[in-house]
Amino acid sequence: MSDNLLKLGIPAGSLQDATAELFKKAGFNIKFSSRSYYPSIDDDEIECLLIRAQEMARYVENGILDAGITGFDWIQETQADVHEVSELVFSKVSRRPIRWVLCVPEDSEIQSVHDLEGKRIATEAVGMTKAYLEKHGVNAIVEFSWGATEVKPPRLADAIVEVTETGSSLRANDLRIVDEVLQSTTRLIANKTSMKDEWKSGKLKAIALMLQSCLAAEGKVGLMMNVRRSDLSKILDDLPALKDPTIASLADPDWVAVNTIIEKSVVRTIIPELIAAGANGIVEHPITKIID
Amino acid sequence: MSDNLLKLGIPAGSLQDATAELFKKAGFNIKFSSRSYYPSIDDDEIECLLIRAQEMARYVENGILDAGITGFDWIQETQADVHEVSELVFSKVSRRPIRWVLCVPEDSEIQSVHDLEGKRIATEAVGMTKAYLEKHGVNAIVEFSWGATEVKPPRLADAIVEVTETGSSLRANDLRIVDEVLQSTTRLIANKTSMKDEWKSGKLKAIALMLQSCLAAEGKVGLMMNVRRSDLSKILDDLPALKDPTIASLADPDWVAVNTIIEKSVVRTIIPELIAAGANGIVEHPITKIID
Amino acid sequence: MSDNLLKLGIPAGSLQDATAELFKKAGFNIKFSSRSYYPSIDDDEIECLLIRAQEMARYVENGILDAGITGFDWIQETQADVHEVSELVFSKVSRRPIRWVLCVPEDSEIQSVHDLEGKRIATEAVGMTKAYLEKHGVNAIVEFSWGATEVKPPRLADAIVEVTETGSSLRANDLRIVDEVLQSTTRLIANKTSMKDEWKSGKLKAIALMLQSCLAAEGKVGLMMNVRRSDLSKILDDLPALKDPTIASLADPDWVAVNTIIEKSVVRTIIPELIAAGANGIVEHPITKIID
Amino acid sequence: MSDNLLKLGIPAGSLQDATAELFKKAGFNIKFSSRSYYPSIDDDEIECLLIRAQEMARYVENGILDAGITGFDWIQETQADVHEVSELVFSKVSRRPIRWVLCVPEDSEIQSVHDLEGKRIATEAVGMTKAYLEKHGVNAIVEFSWGATEVKPPRLADAIVEVTETGSSLRANDLRIVDEVLQSTTRLIANKTSMKDEWKSGKLKAIALMLQSCLAAEGKVGLMMNVRRSDLSKILDDLPALKDPTIASLADPDWVAVNTIIEKSVVRTIIPELIAAGANGIVEHPITKIID
Amino acid sequence: MSDNLLKLGIPAGSLQDATAELFKKAGFNIKFSSRSYYPSIDDDEIECLLIRAQEMARYVENGILDAGITGFDWIQETQADVHEVSELVFSKVSRRPIRWVLCVPEDSEIQSVHDLEGKRIATEAVGMTKAYLEKHGVNAIVEFSWGATEVKPPRLADAIVEVTETGSSLRANDLRIVDEVLQSTTRLIANKTSMKDEWKSGKLKAIALMLQSCLAAEGKVGLMMNVRRSDLSKILDDLPALKDPTIASLADPDWVAVNTIIEKSVVRTIIPELIAAGANGIVEHPITKIID
Amino acid sequence: MSDNLLKLGIPAGSLQDATAELFKKAGFNIKFSSRSYYPSIDDDEIECLLIRAQEMARYVENGILDAGITGFDWIQETQADVHEVSELVFSKVSRRPIRWVLCVPEDSEIQSVHDLEGKRIATEAVGMTKAYLEKHGVNAIVEFSWGATEVKPPRLADAIVEVTETGSSLRANDLRIVDEVLQSTTRLIANKTSMKDEWKSGKLKAIALMLQSCLAAEGKVGLMMNVRRSDLSKILDDLPALKDPTIASLADPDWVAVNTIIEKSVVRTIIPELIAAGANGIVEHPITKIID
């Protein structure tokens, strides 16, 4: 049985609930208990361990975990040698990649990475920052920041390398972005030895398939409508967004039922066009997984 | 580009979340920020402004806004000259029209509007109340109330004109309803000049169409079932609630698939009848938009 | 009209929200008011009364209520003579039957019910415990516990009979389970005289049907896919989980649309198999009621 | 050492925080832990146990506890044979005795306890209610109520016996008080055998002394002022509320400092009188314990 | 008895808790009930009524109330003809007067009130704003704002008149203060006819005395120390902050006890000086009322 | 003016509120704003900066701050060369020193630091742990832990060095303490160059004096009583806890007033003794600062 057990790291903190929710949609119920760092999961072949995103890659690399969910940023920061099974691209509507950026005070004289020579930089990502400076041939003091990094300039640091999603915290602290150091999305990573185990590798691919089918469904809806058989080809020609619809015969031979999956963001523009083109009884319904 | 920009007022306060939720269903993501009264929306052709429902009609009338969402009551109160694009009738199940009512203490001698001559009336809607009194030819003192109007009688006022949804706050303060002054539902209104601009007018109609399709779907569900071809016409005759179903052929030529949209409130009575009539594999599924 | 009125007890406390939610799915909107124990329901033929689960069976038995929702445990505890209309088996994924267990301190010498002779037992379910002891021919002191029963051993009691779902509270108090006294699930019960009234009996069966159709749907989803007509019989043979699918003809005569309802827990294993078997455009969608 | 250990029951629930706060003022720090029913206390001679007020007297009576804090009502309800060490009369300003009252619906025909013959009474205090009925020679059905007793009449009970502090919950449920069954305040009780142990008895009396000194101080403040030596006797004669003040000599032989402890509720009337009588530099200061 | 009843308005909203707390310190317990606008008070000669600060002066002026607590701003806004009994100057440490200010966008061309000619001004205080403009001989449009006034410029107004305590909300909305329209503190006001009633006038003065004695004590503490009799006069000369101390004889004739009341803000500077001057056993203690 | 400005670091996080509260008692009002890391303080000679305790010593050492409040642990961890102005020993009753301890799983074979050779240790205090290992001549792998360190053994680490106050989190994770690495209390530290500036050094000493006077007062109360002059010397002899009382003459020459400051924890034992010795009118009152 131990051969058929996948040790999976779940990221504690900001990604924790989103990860559990995604797994739930994918059919795996992860339950956290306030007293334990071993969440339960309703799949006897998986054992979960709750770990900080920052430490995930390290424990996957050294084999304590077979696989784990973490951000690309922390994989880079730790320089861990792991296999990336899948990039988990959350729906564009709700979540964008996060960015690590080099920032200075609005009125700083620093205009590019090259002006950092000899300066003091505060960051939670010391490794990533040093690698970035080295790439540009710049020498600077990089200090580990325990938090609240964005309030350090100009008193406590000349510049910072900090994560941002919307930039609002940077603006509120009168910081100016000088350069982007890294873009990061969430990843499912695996230990390289584990990937050579056929069972573990197959299990991880199946998990990735289910997670991806849910992520793909997040930004999509189903659209059903009745269309006169005579209008059908014109509608399909005019509205390429209705790609590969299922065309079902109806009792009334003059009409067909068209059933398709489209991007949520397209619905508000395509529905007026469908009405104009003669579609009838248009109904939108939710979907929860899709595999193209 | 400025020609193709619709300035849209979102009502702050009690209608704010419901409005954002309805727009989200309709495909428009409005995001509020705690520090800004300019909510973001994921449509470059719309610019949102958060404004009190009470002030909406005034700013739509004078053209600061092209359009806005507010209650019929405040349109009447301000006597603003605006175009009503659409009445947003929220699902009857969950939301009823709100009512402005004339109330007096349970043991007051006032029995009708005509007994108000010379009395003192407290209300947040001074204009509406004065218009109502004038219509009935009654002279009374109308005082603006800054809030907690329902506790003013009998000490601080002889009567009040106050908004109510369920009447429970009135009962708790031992008030009796003498008359209904106004019924009010939510409206999408537009500036009259903006409505003459073809692009703005078209944009508003498309928005209204999407909002209405969501509201229409709120009280409905999809119902799918298999029916013996020989039972079909009898079922459709007996159950007129199954109006205009989609009848799809099945592999088994003796059976058809019936797919229809019905009122949620009808489901609990129709399902026992469908079973009795021989329907098979009945499944209810949610829908999110419908355009009849 | 009084003949056509069903007096229905809703359990206050831990089952209250779950009951209201289930009724809502079934098409009945129950609304609680913080000041009233008479929740409103949008069915003129039903009158609700909010009552503790512990007292429900007593009031159903004596006819103050026609029917009510409560746990099997409290029916047993009160020895009430009522008719069980339906067992409401909540989805196995999220809710297991609760268990009443006999517990002692980890290091107690008590190993079975027979070691309880002359001991002191604390419990909220005095009747159930006495019946259990009698069944095993054991004499012991049974004391009513007002709460926090699990902390009483060893100081305040030698053993307890206590309800548990996951056992975590028992473990936290260093208690060991000696025996299971009772398993309990939620029940819809009715007064025996009310069941002889044809209208009431019919009404209750219709309610039970709707509740059951929602419970059945909780652990299921709809799965739609396109399959080559030539692959169809092999897929159906290989994947018995796809039982009784609806096979619809498509415009393209070489393909059919397969639409089926399956257990949520099966999805994660069947989808990889469907892909391998040549299914195409697989989409999962939610369902809210199902009557097989 | 075991001889010098006092086992003390702290009432869980509504009295818990007030008890801990009173002990803290008295110099004993009780600390609760969310996982334990054995609160810590910074006195090695005391061991605390957290127990429901309803069960306290039972466990004090049978010697599991040496002493405990509970209400007079539950002592009566359980008919426990215990020694009352001290009545803890909380400050009249903030807390009144609680009352158990017999209530009926406003429009009930029941006017006195004698109208209860054969009626059904719901109560959490079955023993107390039966004793009360017996005292009045009335036979009635007394049913244990698991809670929400005040909403039971008239449907589920003809009358109730329920606890009330302000009567507001009774009024909100349209209940009328027919009779008072019992007044109750908090008590420190002890096991009768424990009271015969000299050390335990002495320890309990010292605890009671400290608790009483805090309770006595709750409604009092210190008042300091300077008074002309010549005005002193007149002030003391005119203002008997200034009982037993400390009169201290001052450097200036014409003046004395008067320092006294008075009821908080008297301050607002006595200060204007003191000013009129020539007192000077009046200062009020808080006190935390007082032993007269 | 009705002659000896003072009807007192308590301001609902932001001043409500501070008012109740001040009265409590002064010896009057006001209790609010969530269902009633008639707070209870433990003085049979007073009847409280909870009223918005904005409406207080109006109801005091017309005699519905004998007295009330409100801000100077709303007295001015309503131009009510009332008697000011007392200004309640809250401790400078914690509360500053609030200010109504004329604001414009940072980059507005408006530099003084005279630049407002013909402009649109939004404000909650229409009367105060019109009076201010009139005083400066300026004509402008003054619109009532229902709230969120500070976000209106520049779109919805050219300028605003708004209340501010710290200015932080103004800065956050990029507004610049052009002028101060009014400073306001809290006042105890009375109806002019009520003030002619000797009992009511005396009662109000006694209430004001108690409130003032608490406010005066808020920023002060008591300081006790022992001083060598020979050092005394030098200490008192050097430290005028120790005004009018009480000098008490001690058993040891070489020492005296010095007891005085000083400003809290002075303590941190005077204590090092006292030590240097030879004071001994310095103790600071809280005081709750002081009448100089 | 810049010469007379003290830059003071306030520790963000767990010590923040306690620090602000202590400064408030000492007469300095620090106000935090949610948007700023520069708290305001009502002393123009001080400028506050909110900084993590972990980083405080570093910024004090390099002169960005003149002084700061932090824990002894983080001073050690960073090996910063700073001057310790004062140890802030919080009252023993409520706060004990925190301890950094070396822990292993309950069933680990590790019994002392010497068993750690070659093992993996997780900790937030890498510097402190390495210094500790070096002192004992042990080589081990020390890994930085981002949090939740106590759940790492045995999977992710063989041992941990972790902070603990009560040990409850360690027990909950089945960890055993092997050794204490460091005890830590809060310190006021200063930059060494700043301490050579006479004004800064004097200012810091005055601040420390005020903070200490408040801490000293935390565990103490004032006790006043009247004693017969003839009993006085015996009482003082028998009760050495009444050290250095102030003995004031009273108007009645047979009695004296005794006023003293004693430890709170002594009160509960001394009061019964005082009563027995004839003391009269014993009153306890709070004190807020004391300088012995």
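Every chain is named by a letter (A, B, C, D, E and F) in the order it is written, and numbering of its residues begins at 1.
Quick note on the criterion: a residue touches a chain if its C-beta (ideal position, glycine included) is under 8 Å from a C-beta of that chain, and two chains touch if they have at least 3 such contacts.
Chain by chain, the UniProt names read as follows: A, B, C, D, E, F = ATP phosphoribosyltransferase.
Note that the coordinates shown come from a computational prediction; the quantities given were computed from them, not determined experimentally.
Looking at the partners of chain A and chain F together, they share no chain.
Path length between chain E and chain F in the touching-chain graph (shortest route): 1.
Among the remaining chains, E is positioned farthest from chain C, on the basis of C-alpha centroids.
Two copies of one chain, chain D and chain F, touch each other, and the residues they use overlap weakly: the shared fraction of interface numbers falls below half.
Inter-chain centre distance (chain A to chain D, centres taken as mean C-alpha positions): 59 Å. Centres computed as Cα averages put chain A at a distance of 37 Å from chain B. Centre-to-centre separation between chain B and chain D, using Cα means, comes to 54 Å. Looking at chain B, residues 248-249, 285-286 sit in touch with two or more other chains.
Here, these are the chain pairs in contact: A-B, A-C, A-F, B-C, B-E, C-D, D-E, D-F, E-F.
On chain F, the positions that touch chain A within their shared complex are 12, 35, 37, 49-52, 54-55, 59, 64, 145-148, 151, 155-156, 172. Residues 93-94, 168, 221, 224, 226, 248-252, 257, 264-265, 267-268, 271-272, 275, 281-286 of chain D touch chain E in their complex. Across the complex, chain F is touched by residues 26-29, 33, 42, 206, 209-210, 213, 217, 222, 232, 244, 246-249, 256, 259, 261, 285-292 of chain D.
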